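Take a look at the structures below.
In what comes next, chain A is part of two complexes: it sits with chain B in the first one and with chain C in the second one.
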Partner chain A sequence: MKTLLWLQGLTCNGNTQSLLNAENPYIYEIFSKINLLYHPSLSIENNLNEIIDKILDKEIKLDFLIVEGAITKNKNFCKIGNYSISDLVNKLKDKAEYIIAVGNCAVHGNLPAVYRENKDICGLQFKFEEKKGLLPSDFKTKSGYPVINITGCPIHPAWFTQVLMALYYDRKISLDKFNRPKEIFMYLPHDGCTRNEYFEWKTEAEEFGHKEGCLFYNLGCRGPMTHAPCNKILWNRISSKTRAGMPCIGCTEFNFPVRENFFDTKKNMGIPEDIPLGVSKRAYIMISGVAKTLKNERVSKKLEDTE
Partner chain B sequence: MAKVEKRILNRVEGEVELKLVWEKGRIKDAFIIAPNFRGFEFILENKPLLDALVITPRVCGICGHAHLIATTNALENLYRENGYEIEVSQKAQLIRNITLSCEIIQNHIRWFYLFVIPDFLKFNTDLKDFYPIKGEKWRKAVYYSSKIVKIIAIFGGQWPHTSYSIPGGVMCEPTQMELMEAISIVDNVLEYFENDVIGMNIDDYFSIKFLEEFLEKSKGDLKKIIEEAIKLGFSDIGKAYDRFLTVCNVSPFISQGVTRRKKCNFDVSKVEEIETFSFLENGKSKFSKGKYSWAKAPRYEGKPFETGPLARRINNEDELFINLTKNFKGYYIPRIWARVDEIGKILVAIKKYLLNINLNEPSYIKPKVDIKNLEGQAYGFCEAARGSLIHKVIAKEGKIEKYDIITPTVWNLGTRCKNYLSPAEKAIIGLSDKLKAEMVVRSFDVCSVCTTH
Partner chain C sequence: MPKAIQKEKKKLEIVKVACKLFAQQGYYNTTIPDIAKELGMSVGNLYNYFKSKEELAKYIMQYSSSLLGEEIKKINEMNISTKEKISLLVRRFIKIAEENPELIDYFLRVFLSNREVFSGGCEGFLCVQEVVTEIMLFLEEGVRKGDLRNQDLFTAFVTVMGPLGGLVFLKGENMLMKTLIEYADELAENIWRALKAG
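On to the complex of A and B.
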């Protein structure tokens, strides 16, 4: 049986909580296939040190090392028994077949890395945008992959479980420039959003609380500039922020914790400062201009009143 | 000679350390150590006010929604403190209650089956159904606790970590059909609660006033665990101070109050946070001798108070629980029972909230004044899964100057002050068994990430 060990650094545990919501496979289905060596919230015994010793003595082979939470060497700020989270990662990094960082904290440092009193907080292989994490930029695990990064604050469980299953079945996965699985992070929340029709016709929501209107132009939606399949793999298999009416806040990107005014679109002379990925500003201005001059009956009414 | 022993406590939200001082085979002194610190109150400084709606939920992965509601309340109160009316429709208020309630149910189910019950397996291996990962009961707990948060996804887009509630209302505009989906989820989880958890009809359960009556009528998991606990001698252990604090009213089953012998109204001006034993002092880290945890020590009129579902039952003057605190000299069993009991009360309430939503009301009423114009300070209160949550925001020039968060777990599991141990520390003094001591600490529903934030 393949094995999995879960460590937590500086975290809110949101990725673990999110993982408990997983469907297809459910968490107990995963751990019927894969032997869960230890997880701080789920394990019955408190035997992390014993397990680590056995891994180091090669009594146990470690397939998947999962890290949730930001990394620091400073034991005053994060301690697991007598060790820091970076001690534990360093002990195990050459033993694991794969290392998977789950959540923006483990990948980029995220909110904990913004705290000014502890400056050494980072992700496993990145600190924000730069490859300045705990592990060297050219680090690779035994399998030949760098740390595989699943971003998100928190992760959607399926982003993790589908990747885990692919590796479990020895399939190859390709990664993007932040070492995120391409097949997950090649989509944008914008893809599949129920408000797309409004985006197309530049019908912008002026304020919150409506199922109609696109949230891009006034309310800060990052859907067209963020890598995440939130409207393809729905959250809790039910919905997504943008479907419900909340702007995407770009929680899968490295700059999530340093961006400000999440519910406001930054504009210069009426043009959004950040425009949808893949188009030039000129193209965006032209196409919006055209869309605005043409009226679409449907998007100008409450949905209940449309034909 | 006193012997000092350190133990890590896992199977809680985040890890904590217990430092136990033993003398003559009993715990003479106990320190609960929360060793991890992220500095959320400092990360919030200088951020635009509304960004707190995005940042504070990330304090905690299991009760982040409660932080969102506390922030919303604090910001709405900031409008009021500045002399502006802020209107929130009843619809928006109900939707907020619904999503917060769903998070609490999720928490209580996971806590009972994933964190508390596994300890009983160490005494009784017959409880195989409850075994982590493999056991049918464990699996059902994961299934139904995940099912209930689908309702949060209907209104807020996702759980964990949505920020769909904002001063003036909520961001969603649900349709009738979506309400129907939510109702069917509540019905389904309620059926599970009746069949598995309490093992009886919910109305019959609510009519119960005495322990014996419950043990006689119930066929559920709760009864099984209570019987195990009684058998193992938990009837007499786990009492803290017999002082209980609840900061909010949640109609119809939670009423605010402070009970010690008799009940008074809660008054926030009587709350203070003592930093003597905390690594955090005056906003700076300090590791001098005697300091042992990142948590502070909140006190009400100078005294430690227990908060959480048991406190809510006592402050609500719930007959069953007043009787239980007489039956049991220790509060381990009433504390566990109160959490599980709340699942039923909340499920019934959510269904009422859902049926009472008037979809013609607005979801959001834009505040007349831009939040950037607000100054001064305001509080936001919330009853979260683990108890009373207090946020305090101080605004200057449209930004957060200071943000203070007092979580339920810091009331229960924080540090001591000169005169008093924290409630959970107090609750394990005198015990002779370390596993039982750990179980008593877990009965407070430990969340180290909230305790320090």
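On to the complex of A and C.
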């Protein structure tokens, strides 16, 4: 049986909460296939020290090392037994077949790394955009992959379980420039958003929570420039932020905690400073101008009043 | 000469003549036969180039817009300060106005005065998209670089285009004492001072 060990650094436990919500496969299905060696929130009897010793003594083969939370060497901020989280990662890094960083903190440092009093907080292989995490930029695990990064604040459980299952069945996965699995992160929340028609015709919502209107121009939606399949793999299989009328706040990107004014689109002379990925500003302005001039009757009405 | 290029050349000739007649006699008083006659071509042949007077009227606007739009695009792509860009913009606009007075006349006397002609497919900014887009890009970049004061797009837009239109209008009315280009520096300075940050 393949084995999995879950460690936590500086974390709010959000990705673990997410994991508990996993469906298809459910958490117990996963851990009937994979031996869960230890999880700080789920294990009662297993002793982490013993498990680590056995891994180091090669009594246990470690397949998946999962890290949730940001990394620090400073034990005043994060101490597990007598170790810091960085001690534990360093001990196990060459033993694991795969290391998967779950959540924006383990990947980029995220919110903990913004803290000014402790400057050594980072992700496993990145600190924000730079490859200045705990492990060297050219680090690879035994399998030949670098740390496989699953960003999100928190992650969607299916993003993790799909990647885990792919690796479990020895499938090859390709990674993007932040070492995120392409299959998951090649999509944008904008892809599949129910508000696409409003985006197309530049009909903009002024308030949260309404069924009509796109949230891009007034409310800061980052859906068109964030990598995440939130409108393809729905949350709780039901909905997503943008479907519910809340803008995407770009929680899967390295700059998530350092951006300002999440609910406001930065504009210069009324033109958004950041525009959807893949279009030039010239093209964006042109097409918006045309769309605004040529009205679409349907999107200018309340949905209940349409035919 | 390839056929397509030949056709474009002829279209341009038609544009120039139509522009002049429309501006002189008014849009409604000018007929397709008038334009054909002035060009020395048959009415039937003219219809090969434009299916209707309205189509010709719209084409003239699109043509003028891309002429000016291309020039502004070149300025936008230059690596110079916002202030220098304004100065170049004013100069290029004046140059085009001097080289193609009929286009300016047409804009002022036909496009702005007969809006109903331009309602189907030429409303709003549709026929002048290139110019509007390039001006918007210029303004956005100016704010992003911290050179221009952030404000509503339309107030900024008319602050750039209004003075230019006004000056060529006065020129058309023969009110100006000097040549257009002699006003360029002062006008550019006015636009810059009106838009700059701080």
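The rule is short, and it goes like this: the second predicted complex is superposed on the first by the 305 of 307 C-alpha atoms of A that agree within 3 Å, B and C clash if a C-alpha of one lies under 4 Å from a C-alpha of the other, contacts with A are read in each partner's own complex, and residues count from 1 in each chain.
Rule of thumb we're sticking to: contacts are C-beta pairs under 8 Å (C-beta built on N, C-alpha and C of every residue); 3 or more make two chains touch, one makes a residue touch a chain.
These numbers were taken from a predicted model, which means no experiment stands behind them.
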item	value
Touching partner for A:277 - first (chain B), second (chain C), both, neither	neither
Chain B versus chain C as contact partner of A:249, first or second or both or neither	first
Contacts of A:258 with chain B and chain C, given as first, second, both or neither	neither
Which of chain B and chain C A:56 touches, first, second, both or neither	neither
Partner chain in contact with A:36 - chain B first, chain C second, else both or neither	first
Chain C versus chain B, contacts on chain A by residue	B
Touched partner set for A:237, first chain B, second chain C, both or neither	first
Shared contact residues on chain A - chain B and chain C	none
Footprint of chain B on chain A - complex, ascending	8, 10-18, 20-23, 26-28, 31-32, 36, 40-44, 46, 48, 70, 76-81, 111-112, 114-118, 153-154, 207-211, 230, 234-246, 249, 251, 257, 260-263
Chain A-facing residues of chain B, complex	7-15, 17, 35-40, 42-43, 47-48, 50-51, 53-55, 58-62, 64, 92, 110, 114-115, 118, 121-122, 131-134, 138-139, 142-143, 145-146, 149-150, 152-164, 166, 168-173, 175, 279, 284-285, 287, 362-364, 366, 449
Interface residues, chain A side, partner chain C - complex	267-271, 273, 281-282, 285-286, 289-290, 292-294
Residues on chain C engaged by chain A in the complex (per definition of touch)	123-126, 129, 132-134, 136-137, 139-144, 148, 150-154, 156
